[in-house]
Each structure stands twice: as structure tokens, then as C-alpha cells.
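Note that subunit A is present in both complexes that follow, paired respectively with subunit B and with subunit C.
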Partner chain A sequence: MSKYFRRKLFIYVLTFFLAVTIDWLIPRFMPGNPIQVLIARANLKAESAKVVYSYYMRAFGLDVPIWNQYANFWNALFHGDFGTSLWLFPQPVIKIILRAVPYDILLLLPAILLSWFAGNKFGAFAARSKWLDNTVSPLGYVLTATPYMWLGMLLAWTFGIVLRVLPFSGAYSYALMPTLSWIFIWSLLEHWILPFVSLFMVMFGGWAIGMRNMIIYELEADYSHYLETLGAPRRLIRRYAFRNALLPQITGLALQLGVIVAGALVTEIVFSYPGIGYLILQAIQNHDYFLLQGCFLFVIIGVLLANLAIDVTYVLVDPRTRTGMQGER
Partner chain B sequence: MTQQKKRREFAYFALRNNKLRIGVAIVFLFMVLALVGPWLTHYKPREFVAPGAQHPSSQFWMGTTSLGEDVFTQFVYGLRATFIVGLLGGGLGTLIGILIGFVAGYRGGMVDELLNMFTNIVLVIPSLVVLLIIAAYLEVRGFLFESLFIGFFAWPWAARAIRAQTFSLRSREFVDLARLSGMKPLRTIVTEIAPNMMSYLLLVFILQFGGAILTAATLDFIGLGPTNAVSLGLMMNNAVIWGALILGMWWWFIPPGLAITAIVGALYVTNVGLDEVFNPKLREM
Partner chain C sequence: MSLQVDDLTLYYQTLHGDVKALEGATFSVADGEIMGLAGESGCGKSTLANGLILLKPPMRFVHGSVRLDDEELPVWDTDRMDAFRFRRISIVPQYAMNALNPTRKIGKMTVELLRSRKVDVRSTLPELERRLDLVGLSHEVLGMYPIELSGGMKQRMVMVLSTLLDPSLLMADEITSALDVSTQKAVARMLVEFRDRRFVKSLMVITHDLSILNQIADSILIMYAGRLAEKGSTDRIINAPRHPYTRLLIASLPKVGVRHRQTRLTGIPGSPPFLLHPPVGCRFRERCPAALPECGEEPPFVEIEKGHYVACWRESGTDAEA
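== the complex of A and B ==
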């Protein structure tokens, strides 16, 4: 088991190292001079352009040798220094991001977990039951093929504009200040429903389809046929099949994390939900590259942590990994 | 003889598989529309053709945008872009996946170990975020750039799946025989292993195709797609920016998303249909 974790941890540390390196490399080795581009885009006057240029040179630390720059980058990182935002000058990037993270957790954690459970349950029901299969499966395929932002737009339009029952912009009413009151919590909940539902639905489709297919494979496996010939009740066979089919679904969750994150980013953009996705859009629109790079690192860190959590779950669920029979996920 | 019989058997099941028929029909329909669409309209996608925000009518089949552009024209040009990105991005993703999967699975040992590690690293990094940060720094972006970069980050799961398949085929008798008769590794892979995985590789390509379309749509929606081009994702981006939701201009944002959903959904359904054709165990339903 410890070998399994050591391998995983090694991969994650290496990934983090690589991600930070990419984060450092991109602004420096892109075609053209990004600093000139930044200044050109900002439409500054000549004198202020000069000041901004020297600010950027210092801020990126471009006036020292290249290896020194790389070391400085890491050093700053470990001190939680992600630079200063240009969009919300002079707030440090880390502060802006940390303000957005709770909304991401609020949105993503329930959406991922609930859709995973519900999708697996429904998919398992659908397998080998003609009528459910003919309704749940097509629905699942449509949902999993839906672009996240489009479902978000449909929901926002239907419930926000046509029916006028739910708000679809922001994380709470713009008239309120964040306080610990019932009105605020109610407003928070109201604004949370639509983005949550749109994330939930797309993911639900994928899990339901995956589980349905897995169960069919498992019901065709030798152990299922053996149980059948022994005269075991159908319920029991299906329960065994479900438990076996769950393992690839846990792995699937890890594989899907990247897609889920991408989906969450655009969903937040549709609903102006102030998480990291919304920040990324603001950063791009305002040419705030420090903020963009900070968001990039935060997303990577989040994905790595989630992967780690999934690995731990896998070990808890699958006894084979504990005895070291299966090092590979 | 047996090969031919097998092929005929596949054709028999392929023609009778409803999922396959529906899926292929939908993809084909949109492909035709993408091909002939630009001839059905006499506007350019970015041309001002009428005062903005018109409902769909006989003149403007899908209405006009707030900027007075014809939505139908943008739609068909966007469809073209969607297929190009899917084909190129999905193709490249499949190709890299095949390359790494075959080498890792056939070679084994240290090579496998290293490639596996590399695959796992790229797998963990959320590709869209990397694409985003690269695209944000580029002034001018083209379809080729977008497709290639999507392909460069989409291959890991394919490589893993193909590696596993190759690994199990490697120890079969006919591969051993080829190796014993002194066949070179590359030839063994091409003539002995690959033909036995053709159906599987086709499935991988279809999924990569769909995935590339969705990734491109996401990237375009954030506003980091190709510059000076029309795409379905960009249409949705414009619709949100210009307040199509609040103004109730459903004709602007429903067609592009619907097309993506239909195409990708049809690809997935085709995939399942093909799986049933190739895998007899799944047929009885």
C-alpha cells in the first residue's frame, strides 16, 4: 500500500513541479514580447508606458539571469506570493483567489459527489431493464454530450427569464452584503441552485451511462454466470456487479476531473458566479496575467488534492490495493 | 475466407443496429449541412445584413444577432469549424495515443515505465486550463493552432487504453510467432497487433473527435478560440456578452449549443452501436 501511495505522490509532485514550470515558462518564452503586448493592449500614454514597463520588468523579475528568475519564482510561491493583481490593483492575487475558492467548493463538491452517486444508482437500475434503459440511456447520452455552458444558458433563460422563478447572476443578491443572516443564506441558496443543477445534470449523464455499460460487462463476467448457475437471486448478482462496477467509476472520477473543472469554469461564467472560473474570465478580459497564472496554479493544486482524495478512497474501497496486488489504478 | 465472413457478419449487424443508424445519420446530416451550408446563404458570417435582433423569418432562417448578423450564416460556418477542429484535434489525439500506447505496451520495461509516468502527468493536468493560459498569451490564433493544441493534451486516456490492449495482445501466440520468425518490432505492431485492434482504434477516434469538439467549444466560449473566425462556441460567447439571455433572443444561443449536443451525442451513440457490432457479448438486448 505504501508503495502505491509513494508512486502516486511521486507523480503528483512531479506534476506540480511541471505545472509551476509551465506557469513560469509561458510568459517568458511565448513568441513576441508579452510585456510589450501587455502595454500595447493597455493603451497607455508614452510616459506611463515607460513606468509600467519597468514595473513589469521588476514584477516578472526579468532583470536577473534566467536561472535566478526561476529560483525566485519558486521562492515567491512558497511564500504565498502570486504577484499583484492589475485588475484589482493593488490587491495581492492570492487574496482575490482565496476569496473565490469557497464559492468553488460550495458549487463543485456537492455537484460532483451527488451526481456521481445518483448517476451510478440510476445507471445500475437502467442496465438490463428494457424500459429504463430506453429512457435513461438516451437521456444520459444527450446530457453528457451537452456543453456545460449551453445547459447553463438554457436553464438561466428558462428559469430566470421565461418563468422568472430563480435568479441567475452572482452568488447572492447584489443588494445584500455578506452577513450571517437568514436572508443572506436564503439568497445564497437561491443563486446556487441553477449553476449547481446545470453542473449536476451534465455529470449525471456521464456517470449513468458509464455505470450502465459497466454493469452489463459485469453481468456477462464469469462470476455472474457462475452465481446464476448456482441459482443465486438476481438481486444478489446485481449487488456484486454493482460493487465491481463501482471501481472503474472511481477511477473515472479521477480521469474526469479535468473536464469537470473546465465545465465548472464556463458554468460560473454563464451565471457570473464569483468562483475561479469567473476570475479567469475577468483576468483575461482585463489582461491581468498575474491573476490568470495564479488561478492556473490554484486549479492545478485543487485537482491534485482531489486526485489524492480519490486515491485514498480507492484504497479504502478496493482491498487488492492494500495487499499490494495492484499497484496501478 | 474467415476474414471475409467476419466482415460480412459485422456489416450485417452494423446495418441492423439502431444506435449506429441513428448516430451516423445525425452526424452525416450535420456534416452535409456544414459542407453545403455556406452556399445556402448569400451573407458573410460577420456581415451587417439587417437591423439587429430580428426573429427567425423566411429571410433570416435563424434570425439575426444584436449586431445585425445572420445567425444561420454564422451557424453553418461555425459547423464547418466544429468539424475541422474535431477531425484535426481528435485525429492528432488518437495518433499520439496510438503511438505512445503501442510503444509502451509492446516494449514494456523501462520504456513503458517512463511513458506511463509521462501519460499520468499529462492526465492529471487539466488540459483546458493549460490551453487557456497558452491561448491568453497569443495575439493571433488560428484553427490549426487550436486543433493541434487540443490534440496535444487529449491523448492520455487513449494512450492508456491502447497500451493495455497492446499489452494483452503482445503475449498471444501469433505475436510470439512473428517475433520468433525475426520480424522487426515496428512490422509486428503494424501487421500483427494493429489489425486486431482496428475496431478499438475506431472507437477511440470517435470519442477523441467528440471530446475535441467539446473542448474547442469551451475554449471559444471563454473567448480564446481562433481570432477572426466564426465558431459555435464563439456564437454562444457573443450571445452571453450581448445579453441574448436577458433580451430573450433564444434563436441566437439555442442553435449552436443544440448542434454541438446533437453531434457529440450522436458520436457517443455511434460509438456504443459500433461497440455492440464488434463485441458479440453486448449484442443481445
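== the complex of A and C ==
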């Protein structure tokens, strides 16, 4: 058992190292110079611009050779330093990200969990009734094939512009400051509904279809047939099938939860929701190496932790992995 | 009479029409009898077994009747059959090695199954353990997952489970096919022992391996292309077969002491007909070396001597002359 986890851990460390390296490389492949973008915004005279430019290049550590920058980056990372944002200069990257993360969790955690529960339930129902299968399954296929932003725009247009019942921009009213008051919470909730529904519906379709297909597969498995020949009631056979069909869905859930901190990029852009997805877009547009790096680093850590959680969960819920491990001692 | 099947006809529904997998099956299995059911792949052996216990689409009940211990078996009604399954009629399926739920401990699954069938678990468990001893499985298997057992162990577990409620009829579908020869023999002996200890009243052993039947069966039923060809005591079928198909089948078995470097193993030329549009008349006619003009009509399955039935015009012809 401990050997299994030691090996897993080694793979995770290696993956982390490679992923972070790629994360560091990608922003630097972007054309353009971030400092020049920063200075251009300041509207300085040519001579002073030159001085400021060299000052900033040194300040951000961009004047040393590229390999040196890479080493400095790892060094800073181990000291918990994510750097300073260029877009929101001089705020530190970590502060910007931590400000955005609650919105992502608020939006995505309920969307993912509720759609997972509802999708699995409905998928399992659909697998057992022809009538439901003919209604829920096509709906599920349509939903899961719908792009998030298209559904988002449709909802924003219908409920925000035509019916004028729900706001569709920002995480709370622009007239409010974040405080712990009922007015603010109500505003938060109002702004949360549309992005949540658009995410929920698309994800729901995917889960429902996946579950339906898995249940049908399990009901045709040999052990289900055997129970049938022994006259076991349908309820018992379905219970077994549901439990076994759930295993791949758990993997899917954990993977989804892993990218929770990445936010829902397109949905957040449609609704101007200030999560990490929104930050990523801003970071790219402003050549903000450090913010982009920081955002992706969060995603990397999230995905790796989620995978670790899957590995542990599987050991708990699927006896086949557990006994498999005993064999490799 | 344990099992009495009359004119049982089962089709498979397909987009191209009905596949006539089993037609006019009429036979009986006596109390305490081990009947072997043999024939080549696709001849309807498993269709017959499944038709008796789990008849569901695409399989379709056409007509016929089945009686078990002088009680009508509603094979066409899946819900009403539930009362008979496991308690009165049971099966060790062809896929016995995958028949257990992989994510449940075997003991737990057994208890859940028994409870769902309203069987008193507490009084059944000691019997279960006794039978595990009998087949050489330790009681620990009840605390294990199926993956922890070898294929042979899983099969024995399924045999114990299927017969736990002492059914009148047990069908063993190809249970020796995936085993090595020595294990085959052990499993075959186990079946006989189950019958001798009255765990099951009578047995239907489905196989394409005549040598196994020769060892354990009291009688043998030979099928060909969805029809019964011949039924008789094991001795008569092996030593004095009457149907040309049975004769060729027996003749094509390798014999001990014969060097096949010199004499080629013979088979039966040709292949069985497709059952979507089976030929009229005797279905073996195309491959039969002794075909007669009458064979264009379907031969009846008649008793030519006590307990020996044959579906062949030649046999019924000689019978009529005598």
C-alpha cells in the first residue's frame, strides 16, 4: 500500500515540475513586451520612458538571461512568492487570485456537485424507463453539446434583456461595496443565478448521458443476468448496477472539481463574473506574465490534488484496485 | 417426472425476421436423471436452457408447454417465473466466472440475494458453509471479492450458490468448457455428487463434449440446428446411435490408441444451416450421407425402442416395417 502511494507521489511531483515549467514558458512565448505595454499606458516622454523601462526590466527580473529567469522563478516559488501583477501593478499576484477564488468556488462548486447528483439520478431513471429515455436522453445530448457561452448569452438575453428579471453582469450590483449585509448577499445571489444555471444545464446533460449509458452497460453485464436467472428483484439488480456505474462518474467528478479554481472561462466572460477565468483573459490581454503564471499554477495544483483524491477514493470504493495493490508488493 | 417439455418453440426476433433457434422440442427428464444435452455451437442448446429459466427479448416464446414436477412453468411470463427461479429451477451459467458482482463481497452478495428472495438467512448460512466445504472452498471466500478467487473457485462458488435452495432442476451450461481436463473431471464429479446428495433432483448438462457426458450422464439428448435429433440412454447413444448425425458425431471423436499421423481425424463435411431461413424437411439433409427422398419432409421425433427417440425417416421407416 505505502509503495503504491510512494510511486504515485513521485509521479505527481514529476508532473508538477513539468507542468510548472510549461506554465512558465507559455506566457514568454507571447509576442510583445509586457513592460512596454505598462509604459505605454503611463504616457511618458521618450527619455524618461527609457529610464523607467530599464528600471522596470530590472524590477521584474526580465533583464537577466532566460535560464537565470527560470531559476529565479523556482526560487521565488519555493518562498511562496508568485510575483507582482503588471496589469494591476503593484498588487501582488497572490492577492488578486485569492480575491477571485471565492467567486469561482461559489459558482462552480454548486454547479458541479448539483449537476452531478441530478445528472446521475436522471440518467439512472432514463435507463429504466423507455418514456424517460426518449425524453431525457435527447435533451441530455442537446444540452451537453451546447457551448457554455451560447447558453449563457441566451439566458442573459432572455432573463436580463427581454424579461428584465435578473441581472447578467458582475458578481454583485456595481452600486454596492462588498459588505456582510443582506442587501449585498441578495445582490450576490441574483447575479449568481444565470451563470449558475448555464453551467448547471450543460454539465447536467453530460452526467445524465454518461450515467444512462453506464447503467445500460451494467444491466447487460453477466452478473446482472445471473441475478435475473436467480429471480432477484429488479431493485437489487439496479442497486448493484447503479453502484458499479457510479465508479467512472466519480473520476469525472473529481476531475471537474480539480479545475474548479480555473473558473469557467467563457461563462465568466459572458457574465463579467470576476473569477479566475476572467483574470486569465485579462492577464493574456495585458501581457501579464506573472498573473497568468499564477492562475495556471492554481489550476495545476487543483488538478493534481483532484487526481490524488481520485486515487485515494478508488482505493476506498473499488475493491479491485485495493486487491490489485496487494499483488504488487 | 421432474421436467416435461412439450413442443417448445423459441425464436429470436431480429430485423431480418425470426431466427428459428428452437423448434418442437419434446422431451422429459426423470427424477434423479442427469441428462446431457449435446450438439455443435448454435444448435440451440443454450437457447433451450435460457428459454426454461430466463426468457426475455430478443428471445420470443412461440408455443409449447413446460411442466416441472407436474406443475405448469410459465416460462413466457418473466414476472411469474420469478417464483420458480432459484427455488425450483436454477442454472449454472456459461459465464459462471463473471457471474458475481465484482464490487460486493461474495458473502454479502449472497445474503442480499437470499434476503431479497425472502429466504431465512440464518438457517441457510450453515448449509451454505457445509456445501462450501463439500466443494473444497474455505469459508473465507465469503469475505472476499470475486477478483480474489481463481476462475475455478468462482465457478464452484456459483455452483454452490445456484443450488443452495435445492432446486428440482439444475441446468449446467458449458461449465466444463473453459477448464483443463483434470478440473473438468472434478467438476463433473461434483455435479454427480450434488445429485446423489439430493441438492438437485435432476440435472441438464449442456456441453459439446461427449466424453464428459459419457462419464456422468444417464441419458443424452442430441440437438441439430434447432431441432432434437436423438435422445436415449448414454449407452445407446454412445454405442448404438441411430441418427446419422449422432453416428457421424461419435465417429468423429478421436479414439484412444489411434495414431492420427496415419489416419486423419474425420469430421462431418459441410456446416449447419442458417436458422433465419432453415431448409424445409430434415435440417441435416444437406450433410447427410444417407438422405432419402422423404427427407424433404420433416421427420417426426419417434420412440424406436424404450426411451430411445430419433428424428430420422430411415429409423421411423424401419420401425414401420417391423
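Quick notes
What we mean here is this: the second predicted complex is superposed on the first by the 257 of 329 C-alpha atoms of A that agree within 3 Å, B and C clash if a C-alpha of one lies under 4 Å from a C-alpha of the other, contacts with A are read in each partner's own complex, and residues count from 1 in each chain.
We adopt the following convention: a residue touches a chain if its C-beta (ideal position, glycine included) is under 8 Å from a C-beta of that chain, and two chains touch if they have at least 3 such contacts.
As the structure is a prediction and not an experimental result, all values here were calculated from the model.
By the touch criterion defined above, A:320 lies against subunit C but remains apart from subunit B after alignment on the C-alpha atoms of chain A.
Contacts of A:107 after superposition: neither subunit B nor subunit C is touched. Of the two partner chains, subunit C is the only one touched by A:244; subunit B is not.
In the superposition on chain A, A:223 contacts subunit C only, with no contact to subunit B.
In the superposition on chain A, A:231 makes contact with subunit C only, not with subunit B. Between subunit B and subunit C, the partner in contact with more residues of subunit A is B. Of the two partner chains, neither subunit B nor subunit C is touched by A:203. Of the two partner chains placed around the shared chain by superposition, subunit B is the only one that A:280 touches, whereas subunit C remains out of contact. By the document's definition of touching, of the two partners only subunit B reaches A:303; subunit C does not. Residues 53-54, 56, 81-87, 90-91, 93, 95, 98-105, 112-113, 116-117, 145, 147-148, 158, 161-162 of subunit C are the ones that touch subunit A when the two sit in their complex. Residues 11-12, 14-15, 18-19, 22-23, 26-27, 30-32, 34, 37, 133, 138, 141-142, 144-151, 153-154, 156-157, 160-162, 168, 209, 213, 216, 220, 255, 257-259, 261-263, 265-266, 269-270, 280-281, 284-285, 289, 292-293, 295-296, 299-300, 303-304, 307 of subunit A are the ones that touch subunit B when the two sit in their complex.
Per the touch definition, subunit B reaches subunit A in the complex via residues 117, 120-121, 123-130, 132-134, 136-139, 157, 210, 214-215, 217-218, 221-224, 233, 236, 239-240, 245-246, 248, 250, 253-254, 256-258, 260-265, 267-269, 272, 281-282, 285.
Put simply, subunit A touches subunit C in their complex at residues 221-223, 225-233, 235-236, 240, 243-244, 247, 317-320, 323-324.
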